[in-house]
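In what follows, a single structure is set out as structure tokens and then discussed.
In this document, chain identifiers A, B, C and D correspond to the written order of the chains, with residue numbering beginning at 1 in each.
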Amino acid sequence: MSSRLNVAVVGAGYWGPNLARNFRASVDWNLAAICDLDIERARRVSDSVGGVHVTPDLGEVLADTAIDAVAVATPARTHHPIVLAALEAGKNVLVEKPLADSAALGAEMVASARERGLVLMADHTYCYTPAVLKIRELVEQGFLGDILFVDSVRINLGLIQPDVDVLWDLAPHDLSIMDFVLPAGLDADAVAAHGADPLGTGKACIGYLTMPLRNGAIAHVHVNWLSPTKIRQMVIGGTRRTLVWDDLNPQQRLSVYDRGVDLQLQSKATADARAANVSYRLGDTWAPALPEGEALASVAAEFAGAIRDKRPARTSGEAGLRVLAVLEAATASLAEGGAPIRIAVRDRERTLVP
Amino acid sequence: MSSRLNVAVVGAGYWGPNLARNFRASVDWNLAAICDLDIERARRVSDSVGGVHVTPDLGEVLADTAIDAVAVATPARTHHPIVLAALEAGKNVLVEKPLADSAALGAEMVASARERGLVLMADHTYCYTPAVLKIRELVEQGFLGDILFVDSVRINLGLIQPDVDVLWDLAPHDLSIMDFVLPAGLDADAVAAHGADPLGTGKACIGYLTMPLRNGAIAHVHVNWLSPTKIRQMVIGGTRRTLVWDDLNPQQRLSVYDRGVDLQLQSKATADARAANVSYRLGDTWAPALPEGEALASVAAEFAGAIRDKRPARTSGEAGLRVLAVLEAATASLAEGGAPIRIAVRDRERTLVP
Amino acid sequence: MSSRLNVAVVGAGYWGPNLARNFRASVDWNLAAICDLDIERARRVSDSVGGVHVTPDLGEVLADTAIDAVAVATPARTHHPIVLAALEAGKNVLVEKPLADSAALGAEMVASARERGLVLMADHTYCYTPAVLKIRELVEQGFLGDILFVDSVRINLGLIQPDVDVLWDLAPHDLSIMDFVLPAGLDADAVAAHGADPLGTGKACIGYLTMPLRNGAIAHVHVNWLSPTKIRQMVIGGTRRTLVWDDLNPQQRLSVYDRGVDLQLQSKATADARAANVSYRLGDTWAPALPEGEALASVAAEFAGAIRDKRPARTSGEAGLRVLAVLEAATASLAEGGAPIRIAVRDRERTLVP
Amino acid sequence: MSSRLNVAVVGAGYWGPNLARNFRASVDWNLAAICDLDIERARRVSDSVGGVHVTPDLGEVLADTAIDAVAVATPARTHHPIVLAALEAGKNVLVEKPLADSAALGAEMVASARERGLVLMADHTYCYTPAVLKIRELVEQGFLGDILFVDSVRINLGLIQPDVDVLWDLAPHDLSIMDFVLPAGLDADAVAAHGADPLGTGKACIGYLTMPLRNGAIAHVHVNWLSPTKIRQMVIGGTRRTLVWDDLNPQQRLSVYDRGVDLQLQSKATADARAANVSYRLGDTWAPALPEGEALASVAAEFAGAIRDKRPARTSGEAGLRVLAVLEAATASLAEGGAPIRIAVRDRERTLVP
């Protein structure tokens, strides 16, 4: 199947133009239409990519049998009806984060796609940056050993959003990346969320998420709209090596430390003896070269690849659902003063995804 | 009172030699004796400071009416009996962290000193570094405005301790500094602690503490023994300015950002309207020059000053007790899977301390 | 004079599209034409800015009396004939660096513009970045005191140019900035240039320029195509303060150090006594906030302002000539093994420019 | 020969105590005496190392046949008579930098030691730091390929010295390190020196050295007493890799970049064709782990090793002489306004040293 796939972009607001531009530039895709209720907005996007059919009518797009896929970049609360309609019309779907308003609605979307054998892909753009792709590769190859902890900080002076708190605004990036790079995905059973709203804006502007992972490991996220210094850093500690991703250091985004703590496990050792058997490795640091490349171009390629190979996308609807489930539980935890909340809706099949 | 005060150092292990050296070098003090059950160890410390009376007998030290004060650098579990005996003998006391094994024992020590009108000082050495002294001064002068959040990270490849977890090992630094610089001290009502022991050492090697502060502010501490990169950073966000303390950047340890988020408070504003009234200030950054100076020399001077002026030390026994109470509650929270635990024993009188 | 000025962009290669885009976006200008011998190239630029008249015929542009100014972005060797023709046709001219192939030709251009009362402006784009504008302002206000030294480093893995060496390729940036920010401009009498071509490419790939300035100060430039680490740093030392510009640190591009060396000057002091009277100030560091803004937009505004106010541009033809004269002398110095060479053609009138 | 060697430290001023302490702590040495005309000063050093014979009489030391070696830490102008006397008395000698006041005197000392088969070692302490030892090892193994350039910057707010300029004060560090790590040592034929004294102290406070090396490579040194920011950085560019040593970044002192510029050499290629054949490699960065270790302890060990193995020290008198010759030529170049000056006295035998 060497011909191009046809895609329509639905939603011509903030993100739609980026999708349109990347589908237009892709060898895998033919950008067939841009759909927005505000037809003027659709036209402006069309002009910016050299002209393409525009329509305010989603029904028209879904009825067009030549169209293989739709990319949905509308407000989050509209994802559920639009995506379900598209799937019912037999279209493969790429959808912006968050997948839906709630995990229950998201689960419906995932189930519908699975039933129909269609691709439902979450546009977790950040996962397709060269740095994150390299992290996934290193973790997958066992280069870090078993994962001990993941700690992510994403803070800056941010626009306080009218509708969502800082967790829903920023943490999806960290959560989708963790889901993408960890060998078992974001397989936490529970999450504790702590937040603060010291300016009285009515929503948390500072947030912390803690998730125990399997085998005693732990994941932690710190997001903050009120910090004048920008920090975007993720540390992934493993039994063999530790990786630090500093996204604001373009000269050395990734550093892999060949040092760590070793523990000589002896079956009958007491805790004390175990502590005594800890030793330290001080080794070299290594910073892999990263290729250049726009993440959204890789998103477009992956979407086409998944459709052609009839396989789940690397950031599947399930992945989007796992992120959504954590956010939903985090909101509940915040409401209960930080008590750990069980992550109710999850999809354990992620590990089956290649 | 211009003559020197007489002090005995009790405990000649890891920290005792530093105390002895600084008391010896101080114009406020006469180093009168070094006391350790292991008399050879005491002698080595004596030699290193040019010779001083040594004894294995604490009773002898306490019975000596010429001695005004003792500095206790023995293991934590011995602090309670030694300090109480010293106070009962009418000595002023400087004691290493943690104040005691438990908040209850610590409270007894604090009460005893208060009753007798003696100085009980916690050796929170870090508080007397030029950087922390400057932070306290800036906060006190209202330079940062009202405090919105304090976030402290202290991670490095650390020696796994045989007897304590990472919270008890590292967090006392962060907690004592927060207590020292915040206008109302460490006035949290509750703490949630999350930890992980992914190597199975029998104790947490990674720890997170979250404490809601008054007025909607929040304090957070991240300590970690398993990180190959060293980070020692504290961010203090205020309504007027935000301060970043990067202790590993000797060329610019403190940075004060004259930027932040403003909120035009209107009495009847709804939450939504409030969010809409948030605006951003982008101003200069300022890095104050810091004087040189060994923190422990300032500890010795402060101890003498408190005795002479008959006032609480700036890091009083009460401060040590507040830190201890948080650690104790944190241990309980860890045991309950991260549930927030009320900080039971606290001393609200800190704000009265000048 | 509130109506827009008409400008034609001559040369549609690498830089022309940027000029066209900025003139198009400017409230001061009407982009009237794009002229290139390669009419297809001109058309592509026209398309990218929404359509404008294109022509391969420079004569047509110069004959159009509605056109107030031309911006010349053709190869350096063509600057002289094109600019002279434009000036003779009564047009104001913005010209890319370097002004011309040689200082003698450049001087002719400057003289021609002066004679005719037309604006000849050098497109020293870097001078109009927020950082450099701020540096100029600080120096002008005497914030740094008298200038003691300027040291500029601009190194990275660079494309080895077919026609010019590293000095002609990179140093114009440093030299034009020095000319822009120093109170007396680039007023060096001589330059010594050292270079190396360790790969045998036939031209220097590493270069150093040293220029003694008035009053014992010194300027130094290090440019290097062979360095895998990128450094873009300028240090300007003054008697009152020192400024460091690190262009690769977006979080703190400018740092002003309120520290330095003081010398108590005594009229009859011997050199020894002078040395003894040196003392040190250790003060705060200050990092001014910088506004956002595209430099080329400011270039367009300055060009219009100079034409309207009938004044020299802040980066005048004379400034371009001073840079050219240094480069020419540097080439001679390189040829003579680094011997200092007198900078022959200079224009001392810079200090009269407001 | 397993017994300890006997050494006397001559000169108990600034550096003598460090020498005494390290010889005392060494398993190779017995610290036999400290000699200083100011016997009180000698006594204080003796006390600080636990007591050793002191004398004001150099003759007594040299007459003592039990003494194998002397370490000379007296003012530079006294090195020549003391070292010659020591060599004539059959002692091996470690001498502080600079070797002597002039290259001619230094050459006499080197010749005398060679004649007598004694070790004359230059105390180029910096060469024995873990970072520099690792750099030497990497260069020696061909890890960087052929050396293309060496650029060293050593600037900070420095004490203006009463007797020497900034070149003699700071550049010996850079020059001795270059001599130590470069495969052919500091084999420059000529040096051009530029300096400035903008405060009128009577000596250069800012200095630049440029030295063409063999095969078209170049070495450059920037030293500066007037900079409020401290920079200590050396970049060594090679055909295979480039190394950056940032001595103020303890977390990553050495970075090796596996990137660079490649040139496909073709025997008959013209310069233009050569330029066209340049290509770029973008590879990983690697930061070797460095062991801890006090450099002066390694100096003591190397001095003993050279004596026992009857071989030149790795920082031999010849190395000291090469550094001295560059400084002397630099002073002449400064006096002639920066004209390149032939380095007259050199010792080409360095390459024979293992």
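Note that contacts are C-beta pairs under 8 Å (C-beta built on N, C-alpha and C of every residue); 3 or more make two chains touch, one makes a residue touch a chain.
Fair warning: this is a prediction, and the values are worked out from it, not measured in the lab.
Chain centres here are C-alpha means, and the one lying farthest from subunit C is B.
Chain pairs B-D and B-C differ in how many C-beta pairs are in contact, and the one with more is B-C. Separating the CA-averaged centres of subunit B and subunit D is a span of 45 Å.
Per-chain Cα centroids separate subunit C from subunit D by 40 Å. One inter-chain figure worth recording: subunit B and subunit C are separated by 54 Å, centre to centre, where each centre is the mean of the chain's CA atoms. The set of subunit C residues that touch two or more partner chains comprises 229, 255, 259.
On the side of subunit C, the complex with subunit A involves touching residues 229-230, 248, 251. Contacts from subunit D toward subunit C in the complex involve residues 146, 148-149, 151, 155, 157, 160-162, 192, 194-203, 205-206, 208, 210, 212, 215-218, 220, 222, 224-229, 235, 237, 239, 242, 244, 255, 257, 259-261, 263, 265, 270-272, 274-276, 278, 280, 337-340.
The touching residues of subunit C, counted against subunit B in their complex, run 252, 255, 258-259, 282-289.
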